[in-house]
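Both of the next two complexes hold chain A, though its partner changes from chain B to chain C.
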Partner chain A sequence: MKKDKIGDPLSRIDGRLKVTGGAKYSGEYKLPGLTYGVLVSATIPCGTVSSMDIQAAGKAPGVLAVITPFNAPKVPGYQPGAARPVRGLKLFNDDKVYFNGQPIALVVAETFERATYAASLVKATYKAEPFETDFHKNFDKGVIPNEGRYKDYVRGEADAYKKAPVVVEQDYMLPSEMHNPMELHVTTAFWDGDDKVTLYTKSQGVIGSQRSIANAFGLEVANVQINSRFVGGAFGSSLRTWPHEVAAVQAARLVKRPVKLTLTREQMFTLVGYRPLTIQRIGLGATTDGKLMGITHESHSQTAVYEEFTENAVNVSRFLYASPNANTRYKVVPLNVGVPTPMRGPGEATGSFALESALDELSYKLNIDPIELRLKNYTDMDPERNLPWSSKFLKECYQLGAERIGWEKRPTKPGMQRDGDWMVGYGLGCGAFGAYRSKTQVRIKLTPDGSVNIQTATSDIGPGTGTAMTLIAADILGIPAERISFELGNSAFPVAPTQGGSQTVSSVGSAVHDVCIALKQKLNTLAGLPADNTAEIEYATILQRLNLPSLELTQESQSGEEARKYSMYSFSAHFAQVHVHSLTGIVRVKRLVAVVDGGKIVNHKTASSQMIGGAVGGIGMALTEEAIFDDRFGRYVNGNLADYHVPVNADAPDIEAIFIDKPDPIINPIGTKGLGEISLIGVAAAVANAVFNATGKRIRDLPITPDKVLMT
Partner chain B sequence: MNPFQYTRSSAASGAIQSLVKEPQAHFLAGGTNLIDLIKMGVLRPERLVDINALPLRGIEAIAGGLRIGALASNSEVADHPLVLQDYPLLAQAINAGASPQLRNMATVGGNIMQRTRCNYFFDTAMPCNKRSPGSGCGALDGYNRMHALFGASEKCIAVNPSDMNVALTALEAVVHVKGPKRDRKIAFSDFHRLPGDHPEKDNTLERTELIISVDLPANSFNRHVHYLKVRDRTSFAFALISVAAALDLEGDKIKGARLAMGGVAHKPWRLHGAEAFLLGKTSGEDVFRQAARIAMQGAKAYKYNQFKLTLAPNAILQALKTASSLG
Partner chain C sequence: MSKRRNAPPEGKDLLKGSRRDFLKQSSLLSAAALTPGTLIRAANEQWDEKVADAFEKLPLNLEVNGVKYSVNVEPRVTLLDLLREQLNLTGSKKGCDRGQCGACTVHVNGVRINSCLSLALCNEGKKVTTIEGLAKGDVLHPMQEAFIKHDGFQCGYCTSGQIMSAVALVKEGRTQSPGEISEFMSGNICRCGAYSNIVKAIQEVKNSQS
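So, the complex of A and B:
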């Protein structure tokens, strides 16, 4: 019998569906009586809606409802004293406008076109109030967030770097970046009576969505059904339930028909979060032979006036390098903008850009190779939590990456290597991201034909979750992958965590592993064998012999004591080779080598794809992506895919993903640590450091566009 | 998007008459720009007159040059053997723009008429004299990184976004148009206009006139040519600066030069002074550098596009270096 093993390069189990159009996404359910919702957005950044004229819109052909703050049915979870209150923006609940682009009306009509037209007829008058969207102007209004983990951190002495013989102190800026998945955010909602609702919605976590919608409408959780089988990219933008999803449910209840609400690309810039504009100051102090004596990492990032968003921008500086002294400070600046949300690699990607750039600057000051500098400050335990690592193979990452990129060809002085009119440079950027494992339940069902069905309420936003899970099950059960069907993206399935924070394979994979072992044990027992029998058994025969129609098991799996005894991280080292044009300032990434210690790799094929995708995201962060605000109006000026530059194929070079592929002995039974974030964290610094190596120009505000190269 | 009527036209005269009758009617060709503008609410037509059935797709050699039908798609032009042989600069410029899908849809006539990509023009919630005369120029004191260096006015500092137009300017194309009363020819350099007090007018075409063809006169710029486009990403981005450079070389001697820039003015910007300077000179980096300096005379930058004062002459130099080193 064919054997599929963990580590094999298995093609995506849903690949054919995806490339033939057979995969049905949330906006593609043509339900009977489907209606269409279109949002009307505010054109002021702060104030109140004093009146709205919805007469013309209401009379436009095919219009079923125009929902505004003045007539909206109340959403129970939005009301003061709600049993399970909903956080964030409460759409149409009052007349307040907190940011430009905030929805102030929802038009529902028989067709999308009619709803769009009627939406253009809605007229609002505002009572405008003073607003603040200028991050730089409001920098000093930064506040320390309420959550404990964002309080100032000090190990040893604060700002000790200042006393060191060699000092780097610099500011690094990252603009707001938009997730911009290809698939627009879309929700199709319909009610069954007054107390049951079903959603097809773009979601990274159907269980989270289920609870949010239940809270908003005061429903039994079991009466909310969330489906999100296929997701056309999300990158964090579907980690939470957004106000427009609640609005779609609200509208469906009002018109008593299914409502499909799709955001426009422009609305994607204001309503579904983004990586926030951040300014970081790094202070590094070292001895003349390159031993770090102090690391200080400060960060200011923007958030919304109506909701606080925080992320781990500074945390990487607490543990990545050995330093007797380290301290971090983190503040957020509330502005009249939409609330940010985690974007792939979240704060760690932001923080690593600053820390890894500063380290590169220090390497030139010390005239020490950047890899050697990192090795000099390598730490074999987590200095922040004072715990051993569950596993760490970062040294091996440096070594493999250096060999692969040809690090020995890197000029030790910047601006020394040329290829015609192009300057050539090499750069390194490292990353770390927590390796997590959350409680997960999985159901498995064996039928007498020998096929196995596995269900769990996880999601697949692109990494190939179903494929990896199939491979794990095939390996443990010792049956071919073709005999296994894996289902996800349905809130009726056993509870699984949201797909975020690189934890899916670790969490869900462990549960699949455990349930498969439990199934084998059960079959052994049924067959009269010892439970731990390892000899091959014919599953189907056992069921047939016992005349069982099927065998079903549900298993819950979670981490134990080890989570408190060890510090668990994935690590990465990204190596970039860039060419920079001497006259035009154009930067081309020619090669990227990403070496990752992500524990055991379950599926080399999809894991490589994931690494390449993350690297392209990192190139976008380094070279092209920037959401630009006009602070006079508090509006984005490039809220579209023509002017907001997501990297295209031509920007993506030869990208090579190399895996250490050593199982972590602690974290979970398979030893996987996670790849989603680490694939991006460190890439921007690698590119920026390579640009410096090529040109001698240190560009500390991303993205590195031709103008900055020329004018620096 | 507002509701509008849609008519298919099978004859140029009929199409023109539709526009004579209805002041808010527009010709629809590839639609790659027009439909976007309608969706954004920038244009609110009452009727679209689809001209795709008109027999204007041909690309043919004519006495003294090449005639390109107004409805020839951008990709048909860029791939045409006669264009590749005699006007490679045009093929390069077209291929530097948009994406293959868009170039398959976009027509030559439509590309000539392409509206500016100024962000303030596209966003109806912000001021723009081009979209809404008298509302003010959002870019003048706003985010003007993509904006003009030459020929702008206080009313408008937008730039023409087309790559193809830059090459057509350098190649001294002639636009043939048909109107309700008469046909006429417009030299390419006279086709687009500077904003002055009327930025709402992009060009000198009358509203009821239809572009029939673009004629390219025969020339000897078929070897030493280069279209250089500097942009924020490698493909599918509008030009920060683009340069169409064509040299007629005899050995190192410059017998003829054509130079035009994109991303710097309300119209494709022909560099006559630099061309004149190059004539008769020996091809080389110093000469090119001086030509670039001459080309930049009179340039005026704004808050966010100061870099163009450095990038533009560098791009001219690079384009000339590449053009001269070819063939």
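So, the complex of A and C:
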């Protein structure tokens, strides 16, 4: 019998559906009586809507409803004193405008074209108020977030770097970056009576969506059904339930028909979050032989006036390197902008760009190889939490990466290597991201034909969740992958965590592992064998012999005490080789080697793709991505995919993903640590450092566009 | 014009007053195949726009994946929305609706186009192939097989467009080197970043055909 094992390169179980157009995403369910919702956006950044003229829109052909702050049915969870209040923007609940682009009306019509046309007829008059969108102008208005964990951190002495013999003190800037998944955010909602609602919605966590919608409408959780089987990318933008999703449900109740609300690409720049504009100051102090004496990391990033967003931008400086003194400060600047949301490698990607760039600057000041400098400050325990690592193979990452990229060819002085008109350079950037594991339930069902069905309410936004889970189940049960069907993206399935923070394989994979072992034990017992029998048994025969129609088990799995005794992280080292054109300043990443300690790798094929994809995202962060704001109007000027440059095929070099592939002995039974974030964290610094190595130009404001290369 | 209940409040000058005038002019100018008499009568008699609307749908005959369709569509409906919302062929994806991402790529008379940039009515009598029409029954097109083998996708949302572009690319002969493939596939964005795997898939198909 064919055996599929953990670690095998298994092709995606849903590959055939995805290459034939058969995979149905949330906006692709043809429901009887389907109607279309189109949002109308505010054109001022701050103030109130004083009146709206919806007459023309209401009378336009095919229009069923025009919902505005003046006529919207009340959403229970939006009201003061709600039992289960909804956080964030409360759409159409009042006349306030907090940012340009905030929806002020929702038009529902028989067709998409009719709704779009009618939306163009909605007129609003405003009472405009002064607004603030200029981050740089408002920098000093930064405040320490309300949440306690963002208070200033000090280990040893604050700002000790200033007293060191060798000092680097620099500011690094990251512009706002948009997730821009290829699928537009879309929600299709319909009600069954007054107390039951079903959604097909773009979601990274159907259980989270279910609770949010139940809270908003004061429904029993079980009366909210969320479906999100296929998600066309998200990268964090679907971690939470957004106001427009609530609005679609509200509209469906009003028109008593299914409503499909799709955001435009431009609306996705304001309504579904982004990685916030951040300025960081890094202070590094070292002895002349390269021992860090102090690290200071300060960060200011923008947030919305109506909701506070925070992320771990400074945390990486607390634990990645040994330093007797380290301190961090983190502030947010509230502006009249849409609220940010975690974007792949949230916080850590931002923070590692600054820290890893500063460390590179220090290496040149000290005239020490960047790898050697990192080895001199390597730490075998977590200096922040004073705990041992559950596992850490970052040294091995340096070594493997250096070999693969050809680090020995790196010029020790910048601007020394050329290839025709191109200057050649090499750079290193490291990353770390917490390895998490959340409580997960999984149901397994064996039928007498020998096939196994597994269900859990997890998601797959692209990494290949179902494929990895199938491989785990096949390995534990000792049956071919073809016999296993894996289902996800349905809130009626057993509870699983939201797909975010690189925790899916660790959480869901452990539960699949555990439920498969439980099933094997149960079958052994039924067959009259010891529960821990490891000899092969024919599952189907046992069911047939006992005349059982099926055998079904649900198992819950979670971490125990070990989570508090160890510090658990995935680590990565990204090596870039770049070419910088001497006349035009164009930067081309020629090669990128990503070496990752992500614990045991379940599926080498999809894991490799995930690493390559994260690296492409990191190249975008380094070289092309920037949401450009016009502070005169408080609006993005490049809110589309032609002017906001995500990397295209020609921007992506040869990328090699290398895995340490050693199981973490602590975190979970398989030893997986997570890849999604770590694939991106550290890439931007690797590229920026390579640009310096090629040109001698240190560019601290991302993205590194040709004008900056030429003008620096 | 002022009596019209739902004339666009803005852009009157641009539209020379009304949709009805436009109907009269355009039907006189071009629409021999339509029913200009009916349209002019509708316009002249100032029927309610909701009635006029019914007459604004125009007949369209086209072939999609070998199936002949005769439908009535509004002139403002794009080929992409016709496929997705009316013909229930949702394999072609909407990622931007502006011709900037390539997710909606289909073949029209054998040439790859962004279907979001083509009005449905401009495809009268044409042969459209979408991702749903690529496989022969259960037998996948070699490009589909190669995308699975080389893992040329993750979330799958850009995949239909990538594959339709890739099939056309091989026909266009723009596959001489990985660099050329990358350049000519750069109209199809993949945010998951599967680009290098996509290039490998295309190379394999190209090599197997040469």
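Basically, the second predicted complex is superposed on the first by the 712 of 712 C-alpha atoms of A that agree within 3 Å, B and C clash if a C-alpha of one lies under 4 Å from a C-alpha of the other, contacts with A are read in each partner's own complex, and residues count from 1 in each chain.
Everything below uses one rule, namely that a residue touches a chain if its C-beta (ideal position, glycine included) is under 8 Å from a C-beta of that chain, and two chains touch if they have at least 3 such contacts.
Just so it is clear, the structure is predicted and the values come from calculations on it, not from any experiment.
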| item | value |
| --- | --- |
| Contacts of A:83 with chain B and chain C, given as first, second, both or neither | neither |
| Touching partner for A:30 - first (chain B), second (chain C), both, neither | second |
| Partner chain in contact with A:638 - chain B first, chain C second, else both or neither | first |
| First (chain B), second (chain C), both or neither touched by A:707 | first |
| Which partner reaches more residues of chain A (counting touched residues only), chain B or chain C | C |
| Partner chain in contact with A:648 - chain B first, chain C second, else both or neither | both |
| Which superposed partner A:535 touches (first chain B, second chain C, both, neither) | neither |
| Chain A positions touched by chain B in one structure and by chain C in the second | 113, 117, 120, 640, 642, 647-651 |
| Of chain B, residues touching chain A in the complex | 1-3, 41, 117, 119-120, 122-123, 125-126, 138, 141-143, 145, 228, 230-238, 240, 306-308, 310-311, 314-315, 317-318, 321 |
| In the complex, chain C residues that touch chain A | 5-9, 49-50, 53, 74, 76-77, 81, 84-85, 88-98, 100-101, 103, 130-132, 134-135, 140, 144, 147-149, 151, 153-160, 163, 179, 181-183, 185-199 |
| Residue ranges of chain A in contact with chain C within the complex | 11-12, 14-25, 27-28, 30, 56, 59-62, 111-113, 117, 120-121, 123, 180-184, 230-235, 262, 264-265, 461-464, 605-606, 608-610, 612-617, 640-642, 646-655 |
| In the complex, chain A residues that touch chain B | 43, 100, 113, 116-117, 120, 421, 581, 583-586, 588, 623-624, 628, 630, 632-633, 635, 637-640, 642-643, 645, 647-651, 703, 705-707, 710-711 |
